[in-house]
Amino acid sequence: MDWERIARTGTSEAVLCEPKTPRQIEAIVRHAQELDRRLLLTRLDRDKLAHLDAKILDYDDVSRTAILGALPPPRAPPRVAIVCGGTSDVAAADEAARTLAFEGEASSRYVDVGVAGLWRLMEHLDDIRAHRIVIAVAGMEGAIFSVLAGLVPSAVIAVPTSIGYGVAAGGHAALNAALASCASGLAVVNIDNGFGAAHVALRMLGASIHRTTMRPFMPASK
Amino acid sequence: MDWERIARTGTSEAVLCEPKTPRQIEAIVRHAQELDRRLLLTRLDRDKLAHLDAKILDYDDVSRTAILGALPPPRAPPRVAIVCGGTSDVAAADEAARTLAFEGEASSRYVDVGVAGLWRLMEHLDDIRAHRIVIAVAGMEGAIFSVLAGLVPSAVIAVPTSIGYGVAAGGHAALNAALASCASGLAVVNIDNGFGAAHVALRMLGASIHRTTMRPFMPASK
Amino acid sequence: MDWERIARTGTSEAVLCEPKTPRQIEAIVRHAQELDRRLLLTRLDRDKLAHLDAKILDYDDVSRTAILGALPPPRAPPRVAIVCGGTSDVAAADEAARTLAFEGEASSRYVDVGVAGLWRLMEHLDDIRAHRIVIAVAGMEGAIFSVLAGLVPSAVIAVPTSIGYGVAAGGHAALNAALASCASGLAVVNIDNGFGAAHVALRMLGASIHRTTMRPFMPASK
Amino acid sequence: MDWERIARTGTSEAVLCEPKTPRQIEAIVRHAQELDRRLLLTRLDRDKLAHLDAKILDYDDVSRTAILGALPPPRAPPRVAIVCGGTSDVAAADEAARTLAFEGEASSRYVDVGVAGLWRLMEHLDDIRAHRIVIAVAGMEGAIFSVLAGLVPSAVIAVPTSIGYGVAAGGHAALNAALASCASGLAVVNIDNGFGAAHVALRMLGASIHRTTMRPFMPASK
Amino acid sequence: MDWERIARTGTSEAVLCEPKTPRQIEAIVRHAQELDRRLLLTRLDRDKLAHLDAKILDYDDVSRTAILGALPPPRAPPRVAIVCGGTSDVAAADEAARTLAFEGEASSRYVDVGVAGLWRLMEHLDDIRAHRIVIAVAGMEGAIFSVLAGLVPSAVIAVPTSIGYGVAAGGHAALNAALASCASGLAVVNIDNGFGAAHVALRMLGASIHRTTMRPFMPASK
Amino acid sequence: MDWERIARTGTSEAVLCEPKTPRQIEAIVRHAQELDRRLLLTRLDRDKLAHLDAKILDYDDVSRTAILGALPPPRAPPRVAIVCGGTSDVAAADEAARTLAFEGEASSRYVDVGVAGLWRLMEHLDDIRAHRIVIAVAGMEGAIFSVLAGLVPSAVIAVPTSIGYGVAAGGHAALNAALASCASGLAVVNIDNGFGAAHVALRMLGASIHRTTMRPFMPASK
Amino acid sequence: MDWERIARTGTSEAVLCEPKTPRQIEAIVRHAQELDRRLLLTRLDRDKLAHLDAKILDYDDVSRTAILGALPPPRAPPRVAIVCGGTSDVAAADEAARTLAFEGEASSRYVDVGVAGLWRLMEHLDDIRAHRIVIAVAGMEGAIFSVLAGLVPSAVIAVPTSIGYGVAAGGHAALNAALASCASGLAVVNIDNGFGAAHVALRMLGASIHRTTMRPFMPASK
Amino acid sequence: MDWERIARTGTSEAVLCEPKTPRQIEAIVRHAQELDRRLLLTRLDRDKLAHLDAKILDYDDVSRTAILGALPPPRAPPRVAIVCGGTSDVAAADEAARTLAFEGEASSRYVDVGVAGLWRLMEHLDDIRAHRIVIAVAGMEGAIFSVLAGLVPSAVIAVPTSIGYGVAAGGHAALNAALASCASGLAVVNIDNGFGAAHVALRMLGASIHRTTMRPFMPASK
């Protein structure tokens, strides 16, 4: 872990587990324990979890995230709404929610409010508009991104997901829909990147926790 | 012109002018006149029109279509609604409307009712639902396709357009959004293909005009 | 399940199982039972079926669909013909047939009538032309779509399939062939989307069963 | 113009001129004048400008934007830094700056601070970090996005541009670099979309000007 | 010109003019004249022709080919049939015909026999089957390739063309249809490559004219 | 099996097993046995073979082909050379060889003569040139196609393979190299399609075995 | 193995195992042993290793390489620096290092010095600059390539890796970033091709070991 | 111009003119004159040249490069061979040659030695092998890259060009051929990037001229 980076820029102590071996992940976790530091593990599947000391980790099956150490008390009321096109998009949505919670930000979740049944969205619209930031999570054609950005004045962050088949497979149709939206002011992140969306939100909220104590960026070169 | 095809299958006497030379188009028009037949010319730009006898053609600038011969009286009330995402999508929308008119089908047009301002669509929704078929025309991210298909029980035909820039350029983002839609029952045609959408509608309505007199399909081979 | 959507728009009580967990599917099925509602489950593979109560479901191996509740009596004679390029395309074809049956529409199936042996198609042509709607299902190069649309005046719905290898793999070659067809009036759906093709047909036929009792679309916003 | 949309959601009175005809643009401008409303015209090239009443418009050659009506006084000090990879990226950067200015937000511009000469960026780093939001504009490989997001805790919005040739042509290399960045918390918009980046910033800052007077979103449906 | 190559492999004295400057083409023509050699110029547009001595060249507008020197007497009866999907495909078809004529091979041309009107093809089928080789030329969805290969036992060479719009633009849909064909034994060449198709035919026919006098391939290296 | 097709067009009794279920394959084999017909099964992996009566099939592991019935005596000397870029391309090469053998055509195989060691190819060049047809099989960058077509006057059929990683994965790099070759007269088939290449060769050689007894193509339609 | 190629061009005795069967690999190893030759095996996974005589091979798990025979003494000090964007890129980096070691070139490795934490790179910059050649290995957005090429005057070879998800998956985003870099003088190899990067380095260093004794390239053709 | 960059890293004083306005280019040239510095202008077309003081620039039509100031005496004998697939590739080849000349490196040019006529390459092979570095320039299928890398032990730099049509258009087929080459040790640059290839060569040769006087890289941050 690059503890230096955390000290300097206020980014989160997070580990993307997918391309790492169990041994590499275990070493990082042990090192964090020795330094008495909190840690967020993302894209950690059950197979790799089995190599770790599960007792010390707060693991969540849906989002495939694990947290080492205590969560800060959540800030109330929630400033971030997470809106989910379909039940299958919950994995990415919860990755975002857990990443926010790790930094002390609460979030409200609205599931299965896709455009095929627009009244579901309409029923929740006033609630959603009450949040400063909206994270919209959807696969397939991603029409919800444009609909939401046209309905709320909040900052809207689009997380396209890889849910879908045929031309939707992989998430590129949803990604392009978010980028090409006729509704202005959509901020887009990579496919399935709930973690990244949470960090866009955190930067927006100015909430990253070490900022005040950050060291000067760059030492003199030799 | 393949007048045989028209006699046998009831397809329209239509000419796609884009890949043809002015001389080829002129020959087809002259031939139709000699046979005293009506003709629909699509994707005919002003440069090529200048090589033709403009007096005998009813030319429309926006849709780039020309019609030779009289239009049949339009069937009332209109059975097809044409819904347009933005003012820039009118070209494809009007190609559909003119193709329908050539076959005697009237249509109602609803312009600039994109998802970025959803109430526009909502104001017209009950009117739109009164039509048997809805042709939706949109570029950029094409979110209107899913929204409409979720709101009306009519048959919905999506015409993605090439309006847009960056990832939208060429119309593939809108096309994929239509195909990957989470709203079931969307019929999709090629990018900018207003003519094709009209023909899907005509086939649906059973309205193609020569059907009762169609000849048996296939003569004996030698 | 969004029973509200069904009440308002007449769409089918269908569940796309592929991106859902067994637990999510089980909950939906149980809920439908409690409400005494019929249900169509699509893309349900044998592994997930093993987690459900198989006795109450009518499962079909080829189409990977399951139906909860009784089928309505099929409307006779069939108004939809389903034409299959090759034996490998039967999965998508049967998904369409089962979706139609769930809504009370019968269909006639014509298998292995691809263009490589055109006389097979010719032998059945007059039968096929007797149907109001033709659903064509084909992978590889999808030439059957254009051939059919040139031979019948019915509405033709193209279902490209992912059958094939090399440049055909994934179904994009067949999809593009359907969209770019020189035969006018082809309605296209996503790759392998037999369910969607059936719903295009149902919308065309005006057959969706709850329409007359549909509620007004949108309640007043707060 | 959809003045209703402006009233309801606080989005900007902006017109994307690229896909519109001169006549359409002229009508919108005249209408805005009659209603005594301000207007921002984007992607307006000199050819189309020649069809408009240039005296009443404040036109900028580099960003191809025109403004009708007076600018609000710029808020000081600037809360947005606009960082430009190369001199060729200035067009998109200035579209962002003009869009911000139209809404009363000042911005600081840092030109030609690409990664090929990293010390240029380093010299300005402390200045850039003083802004709440950083808009980074770059074409070719877009490496500056990751470098910046790794160096500043501010919200960083990436605008990939279409500058470049070969694999960079069209801006997709830069777009993908922004989306795939190893630095967390990058918000991405469409290629060359300076206008969109400004609106992401405005939503972040909560600065859209009509919000307090916005009408309730959705009237009752009939 | 690489006269050596001609001597050794029997390939044609052909010049692809598209990427060459008028000066380069002129020098090649002059050199051929001095050596008293025949020459086939392909993709030579009228602008470049204006820089050449048009009197000594037999230029054809449709195929954009020019021939220097006399044609050999055509071999009778024709062994190659050239079948054209639409009138817009004639350019590539005639490039093939002219290339064959340059080598002394006659060809029969069948225009506008696309699959949208299959009886047109059927009327000519017995004639077409009488040829040893069939060159099929088609754009858009290229369904004619599969239909032909399923109907004739001759060698069939597919020339996809760039005719079409939307997903067909550029010819890739037709190219993939040819490669993915369910009809076995299709030989495919690059998009719009009539010249290449003619050379596949020539190699098949063993007709390249210098073969008997070809020199040994490779001299000893130093 | 479409025995009619075989009778009419002389195509091979071949079955592409990859997209078929073991039960479908078994039914075809049994049917062929009952009719006392020979059969070529391609892309038949060991798992599916286990469901068949292996004793009656001549199975080949490398090419994954099985043959039911006796092979005709091979025609001597071989008229087809099969040239293989690398040892990993042998699967597709042997699929071609077995398909030829099934039709009574012998072939000569030249393995591992890729361009990275050009002298290997040179040592065999005069032997290769003695064949009327050359089938070249290569993955990765497919440079051997152009080199061969420049060195031999025979008809050259390119079979790109899916061997390779990174930009080569899937075979598209080799396919495009074959289609874009600067050497004229290359006939190209789909990726890994050894079967198709053999059929191009067979059509070229006029060797398909039932031709003289083929029935007239098309019966009268009803 | 093509021992001739090694003798003539000085290329390495290397075997790409991925597309080869265990039997093919075993035969090559045995042949090398009989000839008493060294051998480098790349992309050899554990499953295939189990089929070989592991005792005679020096196998490395991370780089999936095996070496038969003794390594030459490493040249000191190292002339090649290998810089790794993330810990997940070590596999490709170590493939490069092992390939260099096999040829007697030592290398220095710098791990996890990506642009998200630029000071890590800065701390090592003077050390890295002391090497004649820098091999940079990175996935995701590959920003490190441009940053490095802008900071060091050495020859820089970029190895994009397939690490990443969404738009980064497969390594194309990193590949395009390397090719489109605004920093001049980057040499790029295929995705994950550590072996190839090492060989670019070896050719640069003029270090391939058999050069002085290479035979003349091409024997006389017959 | 970033004269600092030149001082620190020894990169060339080069200006990519394509995306710059004439006014921007003129300002850079004037600034260089005032500082009495040499300058290399690339991708400068005749239209933009017309806005500059042509008398002070040494302009070359084919490579579209201009040089301000005197060339250093060329180092003899040339260490770089530039091999050109076709006459149409000369533009990129001469951009490389001029870039090398600007830095005092001479180069030998071998034109039209593509693989379709391999003996042309063979005649020059011994000459080419005498150079330390080979820059290979080719479009279409780019087979020459693999052939050359298999024949010479020198470092080979591949410059794919955009020459070609159909699947070759844009240069991606040649680019992928270079990256996927079966011949190890090819260094690849962006399409048409002769300038970049020259800089790879210069870095390889350690020839960039200011290196010895380069300043320390990074000043202390504030």
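Residue numbering begins at 1 within each chain, and the chains themselves are lettered A, B, C, D, E, F, G and H in the order written.
Quick note on the criterion: contacts are C-beta pairs under 8 Å (C-beta built on N, C-alpha and C of every residue); 3 or more make two chains touch, one makes a residue touch a chain.
None of the values given here were measured: they were computed from a predicted structure.
Contact tally for C-E versus G-H: the pair with more C-beta pairs in contact is C-E.
Distance from the centre of subunit A peaks at E, each centre being the average of the chain's Cα atoms. The geometric centre of subunit E is 36 Å away from that of subunit H, both derived from CA atoms.
Distance from the subunit A centre to the subunit D centre is 25 Å, each centre being the mean of its Cα atoms.
The centroid of the Cα atoms in subunit A and the matching centroid in subunit H are 44 Å apart. In subunit E, the residues that touch at least two other chains are 5, 11, 86, 116-118, 122, 125-126, 150-151, 164, 166-168, 172, 175, 179-180, 184, 190-191, 217-219, 221-222. In the complex of the two chains, the subunit B residues touching subunit D come out as 86-88, 112, 116-120, 122-123, 125-126, 139, 163-169.
By the touch criterion given at the top, residues 2, 4-5, 8, 11, 18-20, 24, 162, 170-172, 175, 190-193, 217-219, 221-222 of subunit A touch subunit G in their complex.
Interface residues of subunit F facing subunit H in the complex, by the touch rule stated above, are 85-86, 114-118, 140-143, 145-147, 149-151, 164, 166-168, 172-184.
Within the complex formed with subunit E, the subunit F residues making contact are 5, 9-12, 14, 122, 125-126, 129, 132, 150-157, 175, 179-180, 184-191, 195-196, 199-200, 202-204, 206, 208, 211, 214, 217-218.
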